[in-house]
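Look at the two complexes coming up: chain A is in both, with chain B in one and chain C in the other.
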Partner chain A sequence: MTSTRRLQKELMDIQTNGTPVGIKLLSADDFQTWYFSIEVLGETVFAGEQFALKFRFDQQYPISSPAVQFVVDDKYKAPEHPHVYSNGHICASILGSEWSPVLTVIAVCVTLQSMLASCKKKERPVGNDRYVLHAPDNPKKTRFEYHDDTV
Partner chain B sequence: MNSDTYVPTVDDLRVKLCFICREEERYDAPEDPPRAWTHPCSCTLVAHESCLLQWIKSAQQDPSRARNALKCPQCGAAYELESDNPFILRLLDNVNTSLSIVGKLVSAAGLAGVVVSVGFGVYVICTSYGAYAVQEFLGKEMYNMLLTDDPSNWPWHAYINLPLVPISLVLSRTRFFDTLPLVPLFLAWPSSPPVSRPSRPSLASLNPPQPAPILAWPPSPLLVTLAFPFLTAVYRRLRARVKHWLMGTAPVPRQAVREVVWEIGDEPAIQARIGLAVDPVRQRRPAQGPQAHARDAQDPNADAAREQANAQGQAPAEAAPDEPARVAERTLRVTNASLGRFVGGALMLPAIANYMGAALLRLSRHSEILRRVLAVRASRARLVVGGWADALPGAEGGYLRQLGMGLRVALNLVAGGTRTWHECDPVWWRNSIGLGIFVVVRDCIKLLHLYLAKRELETRRVKDRPFVGVDAKELDLIYPRRAHVDV
Partner chain C sequence: MVATDLQSLLDAPDAHDPTDFPPQDVAPGLRLLDDSLRCSVCRDFYDAPMSINCGHSFCSLCIRQALDAKQECPSCRQPATEAHLRKNTAAESAVKAWSESREFILRLSKAEERRHVGDLPAANGSSGHEDSEQRPRKRQRTLSEEDSDAEVEYLGGTSPYFSSRGSATNSHIRAQETGLPSKSQSQSDSPLSEHRSPNSSSVVECPLCQRRVPLESINQHIDSGCTLTPSAGGPSSSRPHASRAGSRDKDKQKAQWTKLFDGGSGAAPPSRRSKEKQKERASEAGEAEYLPKVAYATLKDRRLQEMLAEHGLPTAGDRAAWERRHQKWVTLYNANADRAPADQQSPAQLKRALKRWEDGLRAANARRAAADVDAGAHQRANSAAFRELVEAARPKKAAGTGREGRAGEDGRETTGMQDNSLIIVQRTLDVRKHNLED
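Our next item is the complex of A and B:
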């Protein structure tokens, strides 16, 4: 199975080389769902906050993108960011139309970390409540429109 | 750079790392069996050719990712594909694209038509279309006899039958109504008496029309109508078999369409879920064959793409229920283009039938056999005007005789049709045959297109490039000195 072999290699890389600053592997018990914790370093609106990312892989990974979202439970909340819905779904082009197999789990984490770091003002996306009400469980089933990559 | 400068290629790398599957291959430990490597762009990324082709294919099938499919994610250089892409495939692709554009126009026109219809009444438009379809299909002569341009002459059932014509034509293209096509066009008309008879006694209209001979050529319209569902079923089965033979796939049972996605233009958009109960156990069970088909009603492009996917056996056997290919396969994608082609194509049928019938007629001037088969008749000059009033079947004899006569008339109606039909030039017959030929030819072209597209996919190769413009020191080469010296 291609996804397992590739994920094995990525996991091995994480275990031998470690993860970038602010990103920690919480669990990778199987090759379907992984969890990472993510912190934004330096002077940002999210200083001191910790978030968790959930990765779900299907068997076509890395041909098909992973389903990535922020964990929302008793312990973690989704960051208040114009591209992150309160249910944890993320509107980021690299998770959809800009996904490429050259990207890795860690590369996605780093990209999302810098997306949070560049945020100036804590706010939810427009239409958050409406989206959350009807959102599918898997964010990959949502078709996001990517218009603003500067936030 | 002068011409004898040595430019390293992917084969000169000490370690090749596929940027897609992340497998490594050292030059001194080649894989067995070997897999082709390619360096398709201007940067240092290399990949297994098979991995890259798989990525390209999957990306091309997703409209939102398609524009990135042939681009290096790192340096942005365009990949070059080489494949067996004959002129005829490119031609068919272009025809397909233009049909889609026409389809979009039809959709736009249809939308405008619906808006106008709200004012004028959908009914009127459907009825006019029905009358037009009857005229196209049965020929002017029949039309003038059965309907005429003046609605005040129309028999009552015309007001039910005619508006149903466009609807039945469109529905006949969906797989839910395999057996329906053209039925309303035919079913009522074979038993319908002419309307424009000047000297018809009112009594005669109460009596069954005078029967025509039982064994006639062409067969009666009613008989053809009854045989039609059978013929279509046989044809569809045959077509499916030819297709599977050609594409090298195995037939699989159809699965219910779970979702209809309406895509307005190229905008991603409204998802309308059809609440079809899907057995969750069945859904989780591994797919048995490579594909299920949400046939006919589908966007032909998506269709072809899916067909190609299973032709290569790429479709995952143990796909998870969430897996995009599986979701896509049970998703009916409705785009402006596909909708327009679907509806427009259906409504074109009478005109196509008419055109094909006329073409057959022209051909038949050169062939006696064809004239026979088409049962071409000069005109209705010898139609007996008084025919209706001549014999009033129920007028003489006892009840038994009357009953016998009634049965005979009914039998005749099925087998021979009414006198009107019998004595007219059977335009409807050559139109039916013409339409049949058209459908067969169209399906053959579609199959050819599918087959060529599949072959194109199978013969694809990504063009391998030397590392032009990449500093040789950045590359881990087997013979670094040689490259270094040469550069």
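Our next item is the complex of A and C:
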């Protein structure tokens, strides 16, 4: 209930004000799962690439954070970034311990976009292969130790 | 683009949003005003607004739930606890007045917008044109009419906005960021009172809070513990239309009684009777009105069941369900106690809210069950390997930046990401504000 009303308002905001440059709503068929496409603009290592983000919401949203990951399928791949595992899981504090209920889906998109934009070198996190092998379906079940963002 | 898919999701009967109003150049400050009375957690109008130590405000229920999850201000991350909660009565009266006037202002501003657009034909090109194209379209999804007159009729007449009291009194906090709350606070008594009584111009100063209140509503104001500064619609302003006429009569009656008690003399202090009533209410409103938080870990099953029974709550489900139920009940109950007396829900209503919440939880769990069972079992089987990984992924200390990872709760290290995310929050809020001002 909580989540539905709040998500409705976010959707309304998106429809009225649009999305920030490089971010587009792909689908929002219900209040459980939304998809966005995300591009990094300007001269970055991801120039010309397009990624997709999957958001899953539980009933406690926005008190609890959404489960967010990059889509990995026939069409999309996870960006090669030191905080992004090849299965699409993202190690970002804002999605875990630093989540705040005033944050929104768009705020998350913008944060991840800027995380990609600041990337200097394409590489996977340490232990990517083993993580992917053992990872749960829902990234929220992983207790990430957040990588240092300044590296 | 995706409009067709979104259609059904957006058809909320009481959806309302600051961008219902024309942009800044047509209606200066209106979007910001509407925005400033919303809680930044739920994005609805403040419902029983509470301030915390940093000065930010949220709906009682929103901030109580947020603090249960994490003891910090959702907006600025300053440490905060329930002990810091204070009623924000100024915001509460502002929401009440705004809820009552919103429909009217909306109608006026829409008329103004049409005039504005008419005044600037093709000359002002992009911005004016875009607005006239886009804004009506937004409304079309709830409105199958074509012309904009019908739209105004719709907005003014049967605005779904007032059909649910929940929507009219819910809350958010961008108040602080927009700098508006102080403005609306300082204005909150005067416009209300001036606006209100065309035939009785006497205004008295409340002996308790020193606010200026129309004579005929001083008793009501004091009875409400200084939370109500009634205007024409009185405490019924946020209730559905149907009940309005009736309670307006009641207000009139009440006002008449007030005049009798005060002997109609302008500066008369509130009657002794109302002071006693106020005292009575204050004692009722003591600690007893709130339920204490419970340390469930130390409770025996039987005691927990008794506690549920005391409030007439079901004891179905397992121990975890009881704890969840009781905890949610305490939160709902206490948040309800923060509402102005006239807005408080009955225990039966609260129980219905609790049930809806449990039903939703059950549905969501069922939906995810299959996937989670698999993933959970898988993860448990691999937990040792997982711990190693987590160890391997430990944050490297920021080299040379002087910014060290610091120990978070339970000894985990958090890193520069925190500051980064706050900057983003700020930026997002700025973007929002910018949009609102356009």
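Brief remarks follow.
Simple rule for what comes next: the second predicted complex is superposed on the first by the 149 of 151 C-alpha atoms of A that agree within 3 Å, B and C clash if a C-alpha of one lies under 4 Å from a C-alpha of the other, contacts with A are read in each partner's own complex, and residues count from 1 in each chain.
Here is the rule we go by: contacts are C-beta pairs under 8 Å (C-beta built on N, C-alpha and C of every residue); 3 or more make two chains touch, one makes a residue touch a chain.
Quick caveat: nothing in here was measured; it's all calculated off a predicted structure.
Following the overlay on chain A, a clash is recorded for the pair chain B and chain C.
Once the two complexes are overlaid on the shared chain, A:S100 sits against chain B and chain C alike. In the superposition on chain A, A:A92 contacts chain C only, with no contact to chain B. Touch criterion not met for A:E123: it reaches neither chain B nor chain C. By the touch criterion stated above, A:V110 is placed in contact with chain C alone, chain B being left untouched. In the superposed model, A:R143 lies in contact with both chain B and chain C. Of the two partner chains placed by the overlay, only chain C lies in contact with A:A28; chain B stays clear of it.
More residues of chain A are touched by C (comparison of chain B with chain C).
Counting contacts by the rule stated earlier, residues 2, 5-6, 9-10, 58-60, 62-64, 97-98, 100-103, 138, 141, 143, 145 of chain A appear in both its interface with chain B and its interface with chain C.
The part of chain A that touches chain C in the complex is made up of residues 1-2, 5-6, 8-13, 15-17, 20, 24-32, 58-60, 62-64, 91-94, 97-98, 100-104, 106-107, 110-111, 114, 125-127, 130-131, 133-138, 141, 143-151. Listing the residues of chain B that touch chain A in their complex gives 19-23, 45, 51, 54-55, 58, 62, 64-65, 68, 73-74, 268-269, 316, 318-320, 322-325, 327. Here chain A touches chain B in the complex through residues 2, 5-6, 9-10, 58-60, 62-64, 96-103, 138, 140-141, 143, 145, going by the rule given at the top. Listed in rising order, the residues of chain C touching chain A in the complex are 1-3, 5-6, 9-10, 12, 15, 17, 19, 40-44, 62, 65-66, 68-69, 72, 74-75, 77, 138, 173, 356-357, 360-361, 364, 367, 371-372, 374-376, 378-379, 382, 385-386, 388-399, 401, 403, 405, 408, 412-418, 420-421, 424-425, 427-428, 431, 435.
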